[in-house]
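Listed after this line are the structures, all set down as structure tokens.
Common to both upcoming complexes is subunit A, partnered first by subunit B, then by subunit C.
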Partner chain A sequence: MGTSRRYWARPWRRPSHVPVGGTTLEPLGSRLRRLLPIYGLLLPGLLLFGIWAAYPMARSFLMSFTDWRLMGESTFVGLDNYTRAVTDPAFHRALVATVGYTAVTVAGQLLLGLGAALLLNERIHGRSLLRLVYYLPVISSWVIVSLIFVWLYNGQTGVLNWLLNDVLGIIDKNVAWLAEPSTALWAIALLGIWKGVGWTMVVYLAGLQTVPEELHEAAAIDGAGTRARFRNVTLPFLRTTTTFLLVVLTIGGFSTFIPIFVMSTAATGQIGGPLNSTEVALTYTWKQAFGGGLDFAYASALSFLVAAVVALISILELRFARAQGQP
Partner chain B sequence: MIAIDRKRLAALVAMPLALALALGGVAVGQSEAMEPDESVTGTVTFWNGYGADGDEITTFRNEVLPAFQALYPNVTVETQEIPYDDLRQKLVTGIAGGVLPDVLRADIIWVPEFADQGALMALDEEMGDFDDIAAQVFPGPLSTNKWGEHYYGLPLDTNTRIIFANDAVLEAAGVTELPGTVEEFEAMLATVQAALGPDVYGYAEGGTGGWNVLPWIWSFGGAITDPELTTASGYLNGEGTVAAVTKLKEWLDAGLMSPSILGGGTATSDQFGNGQTATVLEGPWMPSIFANQFPELGFSYMPVPAGPGGSQSVVGGEDIVVFSTTQNKDAALAFVRHMLSEESQLAMGKVGQMPVLASLVGHPDLPDYYPTFMGQLGNGNARTPVPDWPAIDEAIANAVLKSLRGDMEVQAALDEAAGIVDGLLSS
Partner chain C sequence: MIIGQWEARLRRVVTYAAALAFGLVMIAPFAFMVSTAFKPHAYVLEIPPQLIPEQPTLDNFVRAWSSGDFGRYFFNSLFVTVLSTALSVSLAAMLGFTFARYEFPGRRVLFGALLFTMMVPGMLLLIPQFIVARDLGLINTLWGLIIVYSVMNLGLNTFLMRGVYAAMPQELFDAGSVDGAGPWRAFRSIALPLSKPGLATVAIFSWLLAWDEFTWAITILADQDLYTLPIGIRNLQVAQQTEWGLVFAASLMALAPVLVLFVVLQKQFVSGAFVGATKG
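Moving on to the complex of A and B:
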């Protein structure tokens, strides 16, 4: 069977009669026959994306320029919802908290994930088991681990207080970690790091497989120590991986919702409590839509502003990476 | 068992209501004596959050619904039990998409919100006998249906918080009589601390939100807003509210009250069950939970200690509302009336849905722990019934928390909160 009769199985292949550069028009029937399977295969995915993602997003975007009401007519209000957001001090506080949470969790996951990957890339006993153990938090339910951490952080009977106060004596009285405005967000960030390290580790482990062993050997022959080899051989090969992780984890940090929602409510009775110290962009947005008042238009505007901030940060991260010599 | 004449206490509190009922004339429970009405036709869809696997839905389906069908043979009722957590989301989607039930069992704090969206029918305009029915239900639960000038629903089931007292703890502390006033309550706290402190407290609260602190604020003569719900200044930062929060801070600072009010600690129910606190404020769903979790636990009930504002508590529960989109108004209103009948209220009351009819106070068929709750409901108040209640609640919680933590003076914290709430009310 010739290639031209089999190209339907590999539709990305250009049929031999289509000249390079496409200067000669391909006969319509042939073109259709070539493209139909491609679009046929793409259609289900495109339909699902269109119905469940693109259309709601477009509607939500339009909604953000109205005073949208659940019933009755909505009025076009221009940029009112956006100007309101820009001048909303509560939203500013939530954004600052989100940036803080993201910075801490991204840094924590990158550093600990890389450390775990380096250790578990070595030929040590029980390596597979340890990799599994590190990865387990990633596949556990956010709600369940959040509730477990609420218990660990309990100010009266929590395990953390028992460890720090009764066993190690680092603190002299119990701390209600989730009810103390100065500690609550960071206590939740610790859960975020713990839960994400396994995934970061796996991605770094994959990245480490691309580092040629010969380079390590050559560097070692040239007298490079472990630290020098890590800095000059391993790290350069992990730059692309790190950039990828940085962007994805930043998006994840800005999208945090479940642990804040569950833990602040369980510990203080207030979403984003205590004293709004754990209020992040998405909990604040959720409150506008579902927490009372049903202000979906404002919530939509907030969502797009947060998305814009995330996009901007991601672009800056990519530019920074390029400036460092990455592709 | 601590000596207390609960029934007498409940009867005293409920007496004005019972009197009003007697003078009110028409009995809501008239459906028992009614002839079947074949003129009302249609299908009524009813969304509710009754526990799908418990006695509530069984009783509703096997007793309440057949009784309605017997009265209105040409009306079909389609019911959907939707878990509480999903119900709100489904309603929001339903309102936006124009797919709504005729009748809804709604959390009391949703009513102003949905009424404000124009989704609910004003029952006081549409039901000729609205005033008769309204006169027979507890005023606190009824008030949760008012938004603007109209009532958009009727109370269906209710609850409130009263003091649960751990018999063993009080006995160990040498307390023989339950306190009736704030002064007596404070003396009890001190007695418990002197005898069992510092790890056993006289009282434990689980947070600083409205549900937690409003009983104290109202009992001290405080308020959140003026009766017309136009301003919080002078109320939320008024003398009574400041006195209540100051007293809570005194109790906390003196170690008389568990630090769990600041959050992040052990659940108050666990503290109570484990004998770490003598008293808690709890709702009528707790006796069965305590019976399961702490089978050996003995406890008594008492109303919220009376202060300058009397013995006041906060009302929870559900209202029954009709959506303005209904195509079956007569059938829907007939169903609402039936759900408010003495017969239905009693049936659901037996399985944990506390009735809203004052006439059922002390009814022998109802659980024995109801009288104090129903007595307290005579002085039960609704949380500020406005769409922005969650934001108001947050302002209250933050102000009380700042006061208790010592971050701000009580007056300054409540002044700040009053400013926030004024802004919310004016918007």
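Moving on to the complex of A and C:
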């Protein structure tokens, strides 16, 4: 990132080399001649963007106020889809499951990611190899890691059952982790943490580079122990990183789709199974449109509601982080 | 002082032990996948699990590649990935360059709109994109994948490339011969050659996205002949419930190009990590 960071902070900044106000006195012809190639460079990208992002989003929004089902007529139904969503118990259940999944995966990734970053921030041998190993799940495809975990969670001969039952004796009979309504969602959340913790670690490692070494030394001379130095020197410097991660990981948690889709169908033959215990916001939304009902209008309304919830939570998290930052 | 030394040594031991234990947890699932892929079918679900196969065999790899349609899935994925990466990178470079170096009416609004889609959950777009694809006759075609994959991280890629081009010193563009040259010339002969590292980062992310994408593909593809690797592998598992050796052999072959890319280009992977959203 380096040089581009300041553009993130002020994306609207006028480039310093662009003349200010030079365009108003320009004759129309030369202005057109100057601007035409500029728009020419933008055209292919913006065309694709318009057709496949801007227009669909607008269309989806308008559709959410109709009763359109892919075929036939559509009538304007006002807020019907939204009121239906607000009173839909299945959607409520899916939202609760999504919040639970997000809370567990975000907390797990933050804590373990920070722990891993602190370990690899020490001068230990094999550091780069370990970083590679921790990062491996991040670059692996969701489908493949989901299938690996389906195998690990197998109810009879899975490795997890063997480890917990035969080796450690923590459980006394094998559990069908993905077919049991009380465990399925949390088993998938464990995969979510395992898959994402390497990414969190890398971001925290970058954050740790901003902690000045002198501060640590000064605190050590003043007699501060390892723990005190961590709390009073390291943690305050990681506040921005943590806020960034909190927001991004929350959005990621709410967007969960592939592991649920793959693992619940592999274990129970039903998306969101067993007994809808792993149904999350996006699998429920997807099913409305593509799971047979073709209820595109309702699915659109649901996806806008989920987006609104995510936006609201992000704002709350940013507010909370800012409040914490004040002395 | 002696106590301090002892404490430092203990701390070192604990650090190593924790780092190794953590590494073990991260690598174990992969180790089991690799070992299962090399086992003859009869030994796949054994208790206790045997990490080193007693009779290692390549049978699963051979069967996965020859029988079934795995070879076809592989080339479908390759085709889609190469074209969508090329398209996405070129468009993002052009957009990023223009937004970074020129002032024109609508600049702020257009860039803002691009950034906005970066933050919108994918499902919001998936539903209406399906309708657009249907209207354009792109349902159940690989072109439907290629176009949508190129758009999926166009906002992010443009944002990255804009940063790269904005950081270039103006003197580069003022230099003699190209003085007064149009934007196209400045882009092609000056900006583009100098932005190769940035292009590589953007290309890696586009490649990964297209190679691993599942949701859009399973939504629009009905024809088995058109399946890409992620759907093909999942389909293999659905069809052959217990043939885990086969499933993991196929998974390993799908993972191999990504792993090679990762080990060779580790730096680009990690430098772009901050923007690679963790979408599932």
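The working rule: the second predicted complex is superposed on the first by the 276 of 327 C-alpha atoms of A that agree within 3 Å, B and C clash if a C-alpha of one lies under 4 Å from a C-alpha of the other, contacts with A are read in each partner's own complex, and residues count from 1 in each chain.
The rule we apply is simple: a contact is a pair of C-beta atoms (placed from the backbone, for glycine too) under 8 Å apart; a residue touches a chain by one contact, two chains touch by 3 or more.
This structure is a prediction, so every number in the text was calculated from the model and none was measured.
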Touching partner for A:147 - first (subunit B), second (subunit C), both, neither: second
Which superposed partner A:37 touches (first subunit B, second subunit C, both, neither): second
Touching partner for A:133 - first (subunit B), second (subunit C), both, neither: second
Touched partner set for A:177, first subunit B, second subunit C, both or neither: first
Between subunit B and subunit C, more extensive residue contact with subunit A: C
Which of subunit B and subunit C A:215 touches, first, second, both or neither: neither
Touching partner for A:224 - first (subunit B), second (subunit C), both, neither: neither
Which superposed partner A:290 touches (first subunit B, second subunit C, both, neither): both
Subunit B versus subunit C as contact partner of A:155, first or second or both or neither: first
First, second, both or neither for A:276, with subunit B first and subunit C second: first
Residues on subunit A lying within both footprints (that of subunit B and that of subunit C): 70, 154, 156-157, 290
Footprint of subunit B on subunit A - complex, ascending: 69-72, 153-157, 176-180, 267-270, 273-276, 287, 290-294
Subunit A-touching residues of subunit B, taken from the complex the two chains share: 88-89, 92, 95-96, 113, 117-119, 206-209, 211-212, 259-260, 262-266, 387-391, 394, 397-398, 401-402, 407
Touching residues (chain side subunit A, partner subunit C) in the complex: 1, 3-4, 7-8, 11-12, 14-19, 23, 35, 37-42, 44-46, 48-49, 51-57, 59-60, 63, 70, 112, 115-116, 119-120, 122, 124, 130, 132-145, 147-152, 154, 156-157, 159, 162, 166-167, 192, 194, 196-199, 202-203, 206, 226, 248-249, 251-252, 254-259, 261-262, 265-266, 282, 285-286, 289-290, 296, 299-300, 303-304, 306-307, 310
Complex interface listing, subunit C residues touching subunit A: 11-12, 15-16, 18-19, 22-23, 25-27, 29-30, 32-33, 36, 45-49, 91-92, 94-95, 97-98, 100-105, 108, 110-111, 113-115, 117, 119-132, 134, 147-148, 150-151, 154-155, 158, 160, 162-164, 166-167, 170, 182-184, 187, 208, 211-212, 214-215, 218-219, 229-231, 233-234, 237-238, 244, 247-248, 251, 254-255, 258-259, 262-263, 266, 269-271, 273-280
